[in-house]
Amino acid sequence: MEPAATLVALLHGPDQPGLVAKTASWIFARRGNILHADQHRDMEAGEFFQRIEWVPSAGSAGAEIAEFNAFAASLGMVARVASSAHRPKGALFVSRADHCFHDLLLRGVAGEFAGDFTCVISNHPDLAEAARHYGLPFHLVPVTAGDKAAAEANQLRILREVGAEFVVLARYMQVLSAEFLHALDRPVINIHHSFLPAFAGGRPYHQAHARGVKLIGASAHYATADLDEGPIIQQDVARVTHRHSVEDLIRKGRDLEKSVLAQAVRWHLENRILIYGNKTVVFD
Amino acid sequence: MEPAATLVALLHGPDQPGLVAKTASWIFARRGNILHADQHRDMEAGEFFQRIEWVPSAGSAGAEIAEFNAFAASLGMVARVASSAHRPKGALFVSRADHCFHDLLLRGVAGEFAGDFTCVISNHPDLAEAARHYGLPFHLVPVTAGDKAAAEANQLRILREVGAEFVVLARYMQVLSAEFLHALDRPVINIHHSFLPAFAGGRPYHQAHARGVKLIGASAHYATADLDEGPIIQQDVARVTHRHSVEDLIRKGRDLEKSVLAQAVRWHLENRILIYGNKTVVFD
Amino acid sequence: MEPAATLVALLHGPDQPGLVAKTASWIFARRGNILHADQHRDMEAGEFFQRIEWVPSAGSAGAEIAEFNAFAASLGMVARVASSAHRPKGALFVSRADHCFHDLLLRGVAGEFAGDFTCVISNHPDLAEAARHYGLPFHLVPVTAGDKAAAEANQLRILREVGAEFVVLARYMQVLSAEFLHALDRPVINIHHSFLPAFAGGRPYHQAHARGVKLIGASAHYATADLDEGPIIQQDVARVTHRHSVEDLIRKGRDLEKSVLAQAVRWHLENRILIYGNKTVVFD
Amino acid sequence: MEPAATLVALLHGPDQPGLVAKTASWIFARRGNILHADQHRDMEAGEFFQRIEWVPSAGSAGAEIAEFNAFAASLGMVARVASSAHRPKGALFVSRADHCFHDLLLRGVAGEFAGDFTCVISNHPDLAEAARHYGLPFHLVPVTAGDKAAAEANQLRILREVGAEFVVLARYMQVLSAEFLHALDRPVINIHHSFLPAFAGGRPYHQAHARGVKLIGASAHYATADLDEGPIIQQDVARVTHRHSVEDLIRKGRDLEKSVLAQAVRWHLENRILIYGNKTVVFD
């Protein structure tokens, strides 16, 4: 038997006494059954955060979502409610590197995600055939120095046509403009390498190798106008030694990028991530 | 300003609709302010678990604890409520090895624990001087083959005199009898090494080295009649290679034992651990 | 420019003074250039282990291999020498689970291995189409209760026809008989889950979940007559909590199995693993 | 029986054919017995690195060291040779924080280091009593804004009097001047926190918390004129979530600082670290 569809609400707002009781009582009064409820308080910011998942009693999920939103607003909270019956559609942006591309699509096939990738957009033709093998339409949108705006307009048109509800940059090697992100107005998840210390400029694995770092890392974050500086979702590191060549670092980096990005996408689709300011609360 | 004293309830019992709402509403109705509330459902066992921490309104914490317990019982739940104003007294059992001993006592001095060690009990005199340096009474209770029962009676008497509310076995090299644990009726936290695969018999680090394992581990658990098989609280591992000697494994094992045991003690004293059956739910 | 072909020797035998000097001088006298030389001594066993990689001077690599083997024998050592110009052919055994299958083949395509998978053998038809997509012949060899010997004879015939030099069991769910392993006489790398404590019997992830373990693990090892007990190559763990369902444990287990098995295969193909007794020395 | 004293040479210089053979043969010709020999080539820099440990035949270790140095120089190499019979004397610099202080001294007592701390220097009186408990002289050298040069002259005098061969900055909260480091001319090991991304300015744990990082880290390095940017010896990270307060981050940071610094000191004293340029080769 399929598990019953659930609703997941992510809400936050100024802290006040009684919030846990009020949300739980609201659901209980409507004979919903709470499966998970996780709260967090940012003591310094005086902000309350909650993820609450429940099985609604018989009735229209759509109506319950609208009513919960109104209820949350009455508490001064911002809420986002999703039904597990709805599987968000996503678009995958790639360039030439295929490791995150295959990793995400294979995990999708394995049922690891509560959403579906429905198209691939790339500035290079390399992964066209592979995308088709996964049964996905592949859109080639070249980006050249002078016509980035035109390319982004094209990307935006495609995303709207397919009704993309989220975007994953799976080693897409172009910076998305602030205008694009603003016009899209959908969450965009990105992955990039991270080092201690940080390295500016190109060829960071070469720089890390030259510096003799003992750890290399990767961070997944939501893309914002400032590309590498959006709210961090997940980070991980791998240990390296002088025995590792630059190529070894790049290979280990690929593994980190795959696992960190997949984890971020999974959490996003399970509605586990609340963004506020420039940080995230991940209810894992 | 000191933060206000809080109450922490750990409760569990058969799952039923409305539990989150009921406990939160009970606290809200008494004008308490919930700081943290974390729930868990064991779907297979149909069991509900909750840790809830709140600042009670003015009034007697003692009365509120008694009333909450009665309330939880009315819901068919078993509850344990503690006040942050109360710092539990603990006894440290040691033998000759001193790494966990120093680690725990230094962490205590650094303020990492929400409780206090108030005496040291050992079957060897080695750590007497060191215990006194930490300002702790040291009780030498030798255990010889024939008189274990007498030794345990002696230990029990000491623990009752100091009013020990928990015991930590910091590499105490004697097995405590089921009778002792039953008579004591207080939580006893133990630490031991863990390996993949497991090794029976003596000198486990030597066995692990001979087997060429690539990881060594340590597990902290509550002691039960079957010493190494009580509910697991925390586990960790360290990577080893053929370059590591048996002595290196033992040294790395000490570091694991220190950090894993300290984490378990910290969680225990913050009332984050619910035991049921032979497992734990750790609300970290 | 392609890097020059190198020779890698793995040798071991009774320790004696001068071994490092003798092997290095042998190579130097023939105007070879040592790139890496790594030694290990098992002090207890009195055994010497070495991995040495060098660029031979112009001349026949085949002749140099034969001469090095004779030289090692004259020192009382057992040697195995491989040329980087030779890429070993491997066979992949699978059943229904496809995570290690895809992971290994995609890493092969990405150039992470110093060898090539050249066929897939399975007791189930599920992965036939996927194997063909990677351009690999797929051999269905069903194994039923009564005819295991016939199936193994069939597998052996296929392996000999393709000239398989190593076998990887990528979640192949059948036990290979001691007779098969003896007749094959080629290294067989296997992957299996590992837990602290260990669990006997079926459905280990369910048992681990019921036991409340805080870590789950995976181990790659060479298959021997006693399937899960051969020399360990690599191990890794992932952290789990009560929040993780059995399905989460299985998913995390898949990730561990992929990365641990891939690491073991990479090391094997780079001639980094020396087996002696029931353990390995991994020159990483 | 005590193991025989060994010699450890760390050498590096321009790569050339035959170096492994030449060093090994030099030792063998003098009837030394090589216990460990580990080489590394930095292909890009064309540099050769070696750590070689041997039991010299009967005779003067002092003479053998001088002769080896001359031999290495004849190969165009820089060598540093140490005898395991010599335990270097170290000085511990501290301020108020005591976690690394206790950790290092307890590890010393436990025999984890191949050297000895022989004095404590601090700009605060807080740890005077604790130092005496470990049997170590405690030197209070206050550092005020205007008289740093005088304080450093004082520190230098103390270090020369005790014959300090290495210095460990165990959370010493003053920057050592380039002049001091130059005049001292002994290795100085420092520990500091590391974050992804990096945070400039004060109160880094507060900044990391505000940024919502998922990992915090610590790095041990040799101090150079540019304090936090010397050659990295070891790095490690710990995972954090939104549930962790700034105090939790600081506590976890202490644990990282302890273990990373101790590992760096251990490697240094075992002559496992070769510095060249601004990086290290760690023969672990």
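Should a chain be cited, it is by its letter among A, B, C and D, assigned in written order, with residues numbered from 1 in that chain.
To be clear about the criterion, a residue touches a chain if its C-beta (ideal position, glycine included) is under 8 Å from a C-beta of that chain, and two chains touch if they have at least 3 such contacts.
Predicted, not measured: the structure shown is a model, and the values here were computed from it.
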| item | value |
| --- | --- |
| Chain whose Cα centroid lies at the greatest distance from that of subunit B | C |
| Pair with more cross-chain C-beta pairs in contact, given B-D and A-D | A-D |
| Centroid distance [mean C-alpha coordinates] between subunit D and subunit B, Å | 36 |
| Chain centre separation (subunit A, subunit D; CA means) in Å | 41 |
| Subunit A residues counted as touching two or more neighbouring chains | 243, 284 |
| List of subunit B residues in touch with subunit D within their complex | 98-99, 102, 106, 110, 112, 133, 243, 251, 254-255, 259, 284 |
| Interface residues, subunit C side, partner subunit B - complex | 40, 42-43, 49, 194-198, 210-215, 217, 219, 229, 231-237, 241-243, 245, 278-282, 284 |
| Residue ranges of subunit C touching subunit D (in the complex, touch as defined) | 17-22, 24-25, 27-28, 31, 33-39, 41 |
